[in-house]
């Protein structure tokens, strides 16, 4: 295992310390490991919090700041955080207008956030939750754990964060988060596995001429192992299910998000984006906004994911609104 | 053989913690194949913390002991197993209450309550290929054998848990991360059913060691 | 070789096409492969151009835009661009106030930029050049190729770009670029090699327990192969020569830049930054500004580099000035 | 054996282009060890373009032919080898001028001019461990043997280039990327000295093939 770490136990704590050292103007860390916006709580503003296992950086801690998250709860690597964290986060950001929990749809995340929401409500804080489940690699079914929450989460956090910053109330931001969820689809693939630090070896083994299609962000194997293909063919394999499932078509305005899994350099993401743009153009889909980079990662995994979000005017306006966080910044 | 008392509870948690630590890699490996390679790490972290908290607690009734374990798990494990095993112990706690010792029947009722809690929390039913598939048959086997006393009942439970784990290995998973794999999960043992089997083996051995 | 590419020949062209598709509001690409700011030339503004081999993304194309570069010339992967590109770039951005070439100190880059400068001057455009040579892993000597240009280049481009945007003249921006160069030091290391697409296999082989200290950004082996160490020890190995050579000490204000080599995820960079911050604090060095992320990369190489720049007030002010490029953006 | 004419120039460039293509991997491999793994790729790209440009050019004097090659290299190669090999051919061009054929002495003077150009452009001197260490002895050997005619002079030059390349292999490099490696470059052949050796072998064989 080759990583820039000191000990497998210290990875999360030391990375958080580094974040605070680098971005002390934007955020602070409170016990038990909660990244909180420097100026939280803000009276009258709905608090937006999220969280999940570590290993997906910059998500979520890198999205704490003006116009996005009020707090993020980082769990152990790939392990959803514990309710104590979400409870502390909820209390730390509550400005009297209630708190929205943006939860990625994994059994552990959902249960731990649920426990925290119950505890926070018991303490008199109004809490709503929206579960992001955008991964079309997983069948959408009531009888299973359902779809994973992946790239759509980043977009939801930005858009909903802007709405809360603009003063929308809890019901409105909750409905907006749900609207993003209903209109976003993603799918990912891996060229290599990642290695969970405490596990010490790759989660799966892939041959030199193999890839995994339909992976999540926790090093879990994908739906299918295939022979390695070119970037265009890979892009088609991801875009096909996204376009079909999301019903994206002529006349739609979308936000196209090409995301790196952590070990893939930007030059390759632009090659993928080039094909995404061509496929959208062929179908009369207008890419009104885009994001290219590594924003929701899986440690050092090589690979990418693609996310399409059907935009409406409000979402577009909120996407464009100023944001000032370690990982996303514009207009400020 | 006596009732299930505080010493047995301590031995149970401590034995389970030891075995999770020993088998940490094996459990993580199972989770690599179908999940995210952390189940052994999670369980080891949680139960080593729980054991330490129990030691700090000192003498206490069974409900308080189980509650300490449950709260510690919820606060230290995270993931799916944190709330599930946490709920397991919190429900044991409610059921055992302020008793210093539980009869075989009382322990059986507490285990049944724990099973119900896990199912309410996780919404998994039989054959979803989760820890429930080890837990549910274990509780039923305990009930069926409880007339023979606590030792035989726990032996039956441990055997049923192991058998349940084996039985679902060929299945497709419908809950937990393994569900993302579709048919690729077939043939892989479930990590949580494995740790639940170890739980019942630890409980059996902790009581037998009395 | 596992990469998201279609063919080894098309890597650079397709990535550029993807950049234009994603950032058409900021930049365009003209023949022969020059990334030009959308609104260039700007009358009366000094043009700032840079360039180098591809494979270091986002550098340099990702730094084209308001407040930074007017044009970037991407060569083949790890191969300095040809003079035709720098000549075309110089002509495309010349607004009558002259053009500064920011050149990384590699024999090929220096010679090709020199040829281009001669050609541009022959066409009546005033051109100055500043060579960035900040890599302390290489001995500073008049009798060799000298130090490589690495992380300091990113900082120079931002600071000098802001000065040009503010209307400083050619002599002033040239002197400023030289001042950045004189005050900046860097050093890098690799956990893994990268693979040049056309070469098809890793440039060097490293054992599972080995690392290279003192690498450049072209997959060239480092000064020294060592046994793998923890992040703190690695940070000390890089910071030692930087601090010594740059004479950084108590009372200095610095910009600290922790850079990923392409295959290293952000979580690890924050662990390194944590140690950089601690080492600076111990020495009474104030980190007035910082940058953490993958900005000058070496394809998918895992590893990092550290750069320290001694700031003065003007540099700090120019660092803070608005910038709007694909890879660096604030205040806009 | 006749003077060096346009046909010989064509054969030279074409032979060199072929051999660079064949030995592309070998040259890239040498550059992996001490540089950035692109020398074979660079040279192959440049000389295949130069050969194509020469074919487009058709009949022309030696200076025009060499200039076409030099300009093409500068516009297509990049890196260190682009300006250096480009300058080599541009200086050949200036020295050969409008001649349709060059005598042995004239070719020797042109090669000397090319060497000077490469040294001015790259500032490398003997023992810096660059292509100069193959080029310089080749030019000197050519001069020394030029009394024997063009064939023997080119044979001597090729041999001297190869010997120069061998001679510097044990050295530390002071120019080019290999200089970053310090003592780790010792024992590794220089990629540019290798391609320059191939250049002189191609020149020798192109003339001999007449």
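A, B, C and D label the chains in the order they appear, each numbered from 1.
Quick note on the criterion: contacts are C-beta pairs under 8 Å (C-beta built on N, C-alpha and C of every residue); 3 or more make two chains touch, one makes a residue touch a chain.
Computed from a predicted model, the values in this text were never measured in an experiment.
Chains that count as touching both subunit A and subunit B, per the definition above, do not exist in this structure.
Within the contact network of the assembly, the step distance from subunit B to subunit D comes to 3. Spacing of subunit C relative to subunit D, judged by their CA centroids, is 32 angstrom.
Work out the mean CA point of subunit A and of subunit D, and you get 55 Å between them. The distance from the centre of subunit A to the centre of subunit C, with each centre set as the mean of the Cα atoms, comes to 29 Å.
The set of subunit A residues that touch two or more partner chains is empty. Along subunit D, no residue makes contact with two or more other chains. Taken as a contact graph, the chains are arranged in an open line, each linked only to its neighbours along the path. Under the touch rule stated earlier, the contacting chain pairs are A-B, A-C, C-D.
The touching residues of subunit B, counted against subunit A in their complex, run 28, 32-38, 41-42, 45, 74-84, 121-122, 174-177, 179-182, 184. Here subunit A touches subunit B in the complex through residues 32, 53, 75-84, 106-108, 111-112, 114-115, 137-139, 143-145, 148, 196, 198-199, 203-204, 216, 218-221, 223, going by the rule given at the top.
Within the complex formed with subunit A, the subunit C residues making contact are 2-7, 11, 14-19, 21-22, 54-55, 57-58, 62, 191-192, 208, 211, 228, 230-232, 234, 262-274, 277, 287, 290, 292, 294, 297, 299-300, 302-304, 324, 326, 329-332.
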